[in-house]
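Got a structure here, written out as structure tokens. Questions coming.
Labels for the chains are A, B, C and D, by order of writing; each one numbers its residues from 1.
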Amino acid sequence: MSSTLRQLTPVAAFFLLVLATPFLLRHDYYYLSILTMAGIFAIIVLGLNLLLGFAGQISLGHGALFGIAAYTTAVLTGTYGLPLAVGAVSGVGLTALVAMLIGMPVLKLKGYYLAMATLGFGLIVYIFFNEAIGLTGGPSGFVGIPVLEVFGFVFDSDLSYFYLVWSMVAVALLTSLNLIHSKYGRALMALHISETAAQSMGINIARHKLFVFVLSSVYAGIAGVLYAHYLNFVAPSSFGFHFSVQLITMVVLGGMASLWGGIAGAVFLTVMPEFLRFYENLEVIIYGLILILCMMFLPKGLAGGVCKLLSNVRRRFGREP
Amino acid sequence: MDLASLLQFLASGLTVGSTYGLAALGFTIIFNTTGIINFAQGEFVMLGGILAVVFMHWLDPGLPAAILLAVVATTLVGLLMERLTIRPVRNASAINLIIVTIGVSITIRGLVMLFWGKDTYVLPAFSGMAPIHLLGATIIPQSLWILGIAVVVLALLKGFFSRTIFGRAMLACSFEPRAARLVGISVERMVMASFMLSAFVGAVGGVILTPLTMTSYDVGVLLGMKGFAACILGGLGNPFGAAAGGLILGILEAFGAGLVSSAYKDAIAFVVILGILLWKPSGLFGVPDTERV
Amino acid sequence: MSPDNVALHCRNLSVRFGGVMALCDVDFRVVQGTITALIGPNGAGKTTLLNVVSGLVECCSGTVGLLGQDMTRVPAWARAQAGVVRTFQNLEVFTTMSVLENVMTGAHRDVRYGVLGALFKTPRYFLEERRCRALAEEKLEFVGLFAERSLPAWELPYGRQRLLELARALAAQPQILLLDEPAAGLNTRETQALAGLIRRIRDELNITVAIVEHDMELIMRISDAVTVLHFGQVIASGAPFEIQKNPEVIAAYLGEDAR
Amino acid sequence: MITRILFFALAVMVFISAPAAKAAEPIKVGAVLSVSGPASFLGEPERNTLLLLQDKINAQGGILGRPLEMIIYDDETEVNKAVLAADRLLKRDRVVAAIGGTTSGNTLAIMPKFASARIPLVSCAAAEKIVKPVNPWVFKTPQSDRHAVIKILEHAKSQGYKNIAIITVSDGFGQAGREVLMELIPAHGMNVAADEIYGPKDTDMTPQLTKIRGLNPDAIVCWGTNPGPAVIARNRVQLAMDTPLYMSHGVASKRFIELAGDAAEGLILPAGRLAVADQLSEDHPQKAVLQAYIQEYEARFNTEVSTFGGYAYDALTLIVEAVRRAGEATPQAIRDHLEEIHGFVATGGIFELSAEDHNGLDERAFVIVRIAGGDWELVSD
């Protein structure tokens, strides 16, 4: 029980921070909208971290899964005018179904081969978004996605959407934390370290891999639905190979197998370019250099860096009375 | 479909496939010594082409000299990359190193954009643009240059890895770095050599395909991705497989575009690749890794 | 001997790796409630046989009978769930997890709550987790690792990691326990303790044990029956004192020494 | 570690630093342009043009005695960034009008934001969807693809062509062109002989052209932006095809001729008059405007002017004109007076805006040019 309490303290602190952020930013809605976007990415990254950081399975197809959910809800609510709940549930459901169908054969592959297979899947979906013009609106995008409305409350302001997205981040974080402290979490970590040992303990490896792949796709699906109804517009270019690689970067930069780190990575990589805008032509170069330096000097990501900093501080203050 | 058209598709597939194959070879060389995938491989190809154009305009030394300069310069970039970003953290985990190479690729793109802008550039063809007629199909001489040079590079690499002591030492590093160190091979030197070699191969690829396909600061992204697909398709770590994977990918795209649908040609190619991977989980010519218990 | 007290029965097993015949027409039997040893010179195919029994390697021909059922085509995880659990020669400890978590992972099949229970921490979750933790702690106590339970597994010394593997396997509550060279890398004192532990596993926990081992002294001291493999074939099986005297076995071992 | 702390300290400082107070209240006009990324060939000249005009206007005393302040954001041709940049213009900078986006996709994405904030937006993208149906707050300056297609098909008809093959790029520009072509080719009494697609980064289109060659059409229309069409032009020569090839106005820049080299000879395309300003008759109303713009642009940026910069030129001059006519710089007044601009001579053509037409151009804004001797040759005005 006390361990549960210990877990909940940082979560509560996180909640307070989220609540306070709009006031800290003095209601600067521009930064609020960037943080909303960062929150949407953080949800995907949390799921991807379960898959990559804990179970050790890579996916370069999460950008596509994110897109499937976004397009599904877009088409259902935008083209066919179905209720938002139908769009949201089908968006997440279809994403999970696709993930299951693709995961079943593909998760037998390992390492770079798995990376390639998921990349191929992502590319095929991306081409479908581009070419199924009648359905998706093609390369120029899908216009006219309705504003999100839940039980009569319309999420049309930046503030309300910010709170909505970040409460979903909190839910995703809590469930992920719960999961890694359960037998499923132990099984995932076990199969990451040694598949042989894990299966010799009675862990059905194929099923656990599929489970975490589908679970992470559900996270990506929720993010996709939130994204579509936030921008009210989707285009294929947001769901390509580049985005999938960026998601992986967020996980690794934040810290593999650290859920907090994943959120930090998503926020860092989404917010950083906003500060680099001042440098115009140098922006890309600085972005690349920061990425290189972070990975070189923070091998355990931002989370690892913060932990080290904290323990250094603690040691210093511990010694001096 | 008549024979001439089929031949034309084949010619297109082989030309494009050779460029994928050369990119894939670069991936293989670095993978073999370090076990990582170098995401900046596409940027080596881009640098080869762009630098050749730059040297042509800047120094105007004639095409062959410009090409030579570009290849040498790109090889030095490979050396610098290893020295500055890989060697200082050589004990880092594979995924961290891969993200480092992503960072390098972004930085290289940014630098090229800064110095030479976002324009598309072209090099003059090595021996004119007059097409050669062959059984109803037409091929421009540059395609033959590409095919020929790709074959020569592959043959040289094969010789290098199997005949020379240095090449064998590089292979040894990939199998058992500790054992390699014990028998007196400097793994650091081999890793450095592998980065230079793969930058060299990439630059050669970039230089020979620029007259045909043109180049700009961002061509490396797509070539890198296709090259990665090719070396996985062929079986990671096998140079012959990488080259074959490239050719197969190119041919799949050409025939997919010509016979089925040009809109879905990449999708067709990747569906086939997925099928092959499910059938052979270690690629066409890869050795399945047997897990020891 | 009637089949219902045979816990493990392999018939006519053959395994081929490429062109090499690793096992050739092997029969291997473990009687319920015994400690049965599998010995033989290096490369005789002992570990391969254990791999076939635990389902990590598929055989080309023959059958694997476990607990009265044909399990030749059953995947490894399902065999473990049915009660056949093993340890590894080259330690396969989950290094990044704590000692306790390692053992709790062993109890995986016995922890009963669903995905939703895990995601939302239902009362059931707490109940089962507490039970699982108690079970794991009990097994740690059994092997004598209780004090180290919250250390990360990689911090344990080699010999202690062997015990951890044993505790983890016991947490799975097996009916048959397969031990692959459990004494490898242990010093004499640790080996002594291990012998006692294995006996207690048989006597106190009523678990049938099949053990592959090089340490002859250990084998002769604890095992009820011995099977000898040589170049993938069974050359002898019987009680320890019979095996010690078997000329073929002596020749096989001498041959190895001569090499 | 220290660098990280410094970085965050910097970030926090940026957060806190308030915009400095200004003496003379400037008129703020925003822009969301794709200065980098795949559409940078459009966005970069657009940004340059806006900077050029801003300085010129302010040197001449500004508008209504107030200086003009251009706030330009680069969306890197990414739709997310375009939306965020639009947000920033609306919520932080509080502009009275805005220009952009560069591409049709980005414009479609940011349009609703401007409409609901009631700030006029003048787009630099071509797609018809932007102004059809008319959104009261959204305008655009480039000629529609429809007009370019009509121009091409009129020329093709005059040559007696019946079967037209099309090859279009799989991005927003190609998609828009393809839709219009598929609609207008049959409407002009011709057949679509082939409908091929290529990817924006593809480097070899011989398979598509081989397929087209097998169908033996009278002419080919290619719809794309550099470098794809240059590859197609070269592939056509490689395949020894003599089928006439039309290009879109998307390649109406000298760069295309450089890239395609000899293979560009004889290609026909619709272009704005900017490309052939020197060849226009002296009494053409656009001639003076075009020549002045070309001269100023090339003098300042030391690179060749492009048609695409003209889109931004027209957008800003239209907004400035609306402010002048209104006598005040409020979003509502600008919007209302934009709709009343008639006979306004700009680089793209002579704008005739109205409540029903938020583009104000028709096919007369295009001329047909042929590439000859490495330069444009005016075929028909």
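Definition applied: contacts are C-beta pairs under 8 Å (C-beta built on N, C-alpha and C of every residue); 3 or more make two chains touch, one makes a residue touch a chain.
Bear in mind the structure is a predicted one, so any value in this text is a computation, not a measurement.
Between the contact lists of chain B and chain C, the overlap consists of A.
Here A-B and A-C were compared by C-beta pairs in contact; the pair with more is A-B. Note: the chain lying farthest from chain B is C, by mean C-alpha position. Centres computed as Cα averages put chain A at a distance of 32 Å from chain B. Chain A and chain C have centres, each the mean of its CA atoms, that are 41 Å apart. One inter-chain figure worth recording: chain A and chain D are separated by 35 Å, centre to centre, where each centre is the mean of the chain's CA atoms. Shown for chain A are the residues in touch with two or more other chains, namely 131, 196, 284, 290. Residues of chain D in contact with two or more other chains: 36, 170, 197. Residue positions of chain C with contacts to 2 or more other chains are 56, 88.
Interface of chain B with chain A (complex): residues 37, 39, 85, 88-89, 92-93, 95-97, 99-100, 102-111, 113-114, 221, 225, 228-229, 232-233, 236, 263-264, 266-267, 270-271, 273-274, 277-278, 281-283, 289, 291, 293. Those residues of chain D that touch chain B in the shared complex are 36, 38, 40-41, 44, 170, 196-199, 201, 203-204, 206-208, 210-211, 213-214, 226-227, 230-231, 234, 237-240, 255, 258-259, 261-263.
Of all residues in chain D, those touching chain A in their complex are 1, 3-4, 7, 10-11, 14-15, 36, 73-74, 77-80, 83-84, 87-88, 91-92, 104-105, 108-109, 111-112, 127, 129, 170-172, 174-176, 197. In the complex of the two chains, the chain B residues touching chain D come out as 1-2, 5, 8-9, 11-12, 15-16, 19, 113, 118-120, 122, 129, 131, 133, 138-140, 209, 212-214, 216, 218-219, 221-222, 253-255, 257-258, 261-263, 265-266. Listed in rising order, the residues of chain C touching chain A in the complex are 54-56, 75-78, 80-81, 85-86, 88, 92-97, 101, 104-106, 108-109, 111, 113, 115, 117-121, 125, 129, 132, 168-169, 172.
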